[in-house]
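Pasting a structure below so you can have a look.
Chains: A, B and C, in written order; residue numbering restarts at 1 for each.
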């Protein structure tokens, strides 16, 4: 199929003192795919996506998004261009209502459409909450909800940003089995409207969802391929799967 | 007077200023370094040290030296006890939240200052120096007591340095400064360390005040200038860095004496405050401090 | 449900303004004058609250913005014949310009450093006023000339020596400030400011330029505070360096903390209460600042949310 490159990095590196957290990574994502990023603890996954989202600056290399060099673009402008990042540690506004949490995202996205008003915001909030199944909790204080619901809220905040690329950093961490199952359905549904980059430890989830898997080890790409390729890859097994 | 001797006099005055400032700023720096608390009431502990010194000295009507040395012991102890109590009663309950503690120490500033105004009154009162001895230089006579203050400050600094770098107590304090959670995990009684450090910081200010009070009188508003100068020193020296604090205090103390010879004191204050503020904004690790870890 | 709350909220604010309008007919002279002052101080505190209560930035130098308005307006009225309305506008512009400059520099810091930086800038402002004592007359201050005690605007003749006109002018400015803050805080901008207060990194990652939002909040805050200063100087015909001392910065903090940071009416309530508490105490002792100290410690220890903040938390969750 005619693969349209959504995002690509060239020689992307980030060093902390002597530690090469991300080392010379060339990485490309197609539009519309679900990509999983896996690797042992300390492989540099979170650093890598933080570079993509602009939370930290690279030591070297470049990032291109939709054909535009965004290496030096500040984080908030990348969000406007369509890169949304959901935090590994739940990072909602606990004292605000569920509605206000998502309204902030909606408001941010609606700046692309001039002449939008409060009722447009409300409509978008309604839609995003509907997709994650939290619409009847919109009046609750976000911090008082159960953990699983807070994670869903986090995803709804990402969705309401209308991202072209949604980065989910360990979204199933701390969820129960039944919650994980419905979460997988949700991610598949999200993938119909956005490209998804998933950092995940839970291998069944990765195998079930990902179109392509990228394995990171010691800050470098160790392997890349379909789930079955990765499952069969000896180097990956040695570095990662072999341990489990 | 010729320029050379004039500069010598300015330098001596600057050294005196630097000696007192170093002790005061060291207290502020210690508290910030270990507890991450910006103690806006620090200048009031200094003022309290001077006022208590007057009070103690006026109770001993024997030789002035008896009153002075009694004050040098009693005043820091009383001030330390007050600081200890306010740490237990206020700062601890705020869980050392940086913003709340600043607001609380502003409140403490007013409480201490106004209580002194109510009890001690608005007058400035002198304390007699323990001895009068004029060193006659070829160009001018200089008070031997001033030199005593400088010497005393150096001795105290060495003592503080020794405690911090060579004793178990210092090790505990440095461990707490470096990583609070880790120190706690190693069984260091964080709370007691904090209370001790806060009291010690206030005592350093009080000692500085007792030393200076025979030269400058005790007054209920005398804490404001040292507070501002200490802030300047601690920021220039790098927040929480003791070595930086000493270097910066020397620099500020010396230059303050010399600059005010050439410039209007208000202009000097404006420029120095502005420069220091810009240092805090653009180089928060200070000019002389080690880079933050 | 939301619209029902909106009606309640609007009714409350209109009610407060109506009450302030009506009490002028029953207040004795002394309190009439006092309330005029308090309303202007409340505007100052409401400006402060914009930054502290809603954006989460604790400034310890806000007196410099009040003083910028005070001196901008007062010195224009004293040294030129541009007239009172223009002097008022110049005062506000001075405050806006100063807050923009201070904001661009100070907002590079956060937390404790921001508090210290604003305090130091406030101190620089105070020292600058005393340094140019030839023009400002320092602590002694300037008294406005008779020519600056009245003006004509839109066919109306306003006499600033007239207590009734002064009271209603102050009330008008208070109503204006209330309206501006109400609209900003309850709209999309207010939502983002509160989000910055709660979690700045997250707000950045939702695509908001948090630096610019904070700068905007600081400029609005400084401008409102400057307006209070400009009005204060012109109405009471006096500008002096005492208004620029750190003590004045702390008063804004105290009024806001007492009434409730992050509530629209908190600073007004705090200003009224604190003004009278200090007013009564200072009849008995010169050490009236003791009350300020005790109030700060007690508030931060036991009522960090202030009066209205506590009421909102316990009983009236709709309170803005």
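Remarks
Please note the rule applied: a residue touches a chain if its C-beta (ideal position, glycine included) is under 8 Å from a C-beta of that chain, and two chains touch if they have at least 3 such contacts.
Keep in mind it's a predicted model, so treat the numbers as computed, not measured.
Within the contact network of the assembly, the step distance from chain A to chain B comes to 2.
Taking the mean of C-alpha positions as each chain's centre, the chain lying farthest from the centre of chain C is A. The highest number of C-beta contact pairs joins the chains B-C.
In this assembly, the C-alpha centroid of chain A lies 52 Å from the C-alpha centroid of chain B. For the pair chain A and chain C, the distance between mean C-alpha positions equals 43 Å.
Taking the mean of the C-alpha atoms as each chain's centre, chain B and chain C sit 34 Å apart. Of all the residues in chain A, the ones that touch chain C in their complex are 53, 55, 74-77, 79-80, 85, 87, 91-96, 100, 103-105, 107-109, 111, 118, 121, 139, 157, 161.
Those residues of chain C lying in contact with chain B across their complex are 58, 60, 105-106, 108-109, 111-113, 115-117, 120-121, 123-124, 127-128, 130-131, 250, 253, 257, 285-290, 292-297, 299-301, 304. Within the complex formed with chain A, the residues of chain C that make contact are 1, 188, 191-192, 194-195, 198-199, 201-210. Chain contact summary for the complex, chain B toward chain C: residues 36, 38, 90, 93-94, 98-100, 102-104, 106-115, 117-118, 122, 228, 231, 235, 264, 266-267, 269-270, 273-274, 276-278, 280-282, 284.
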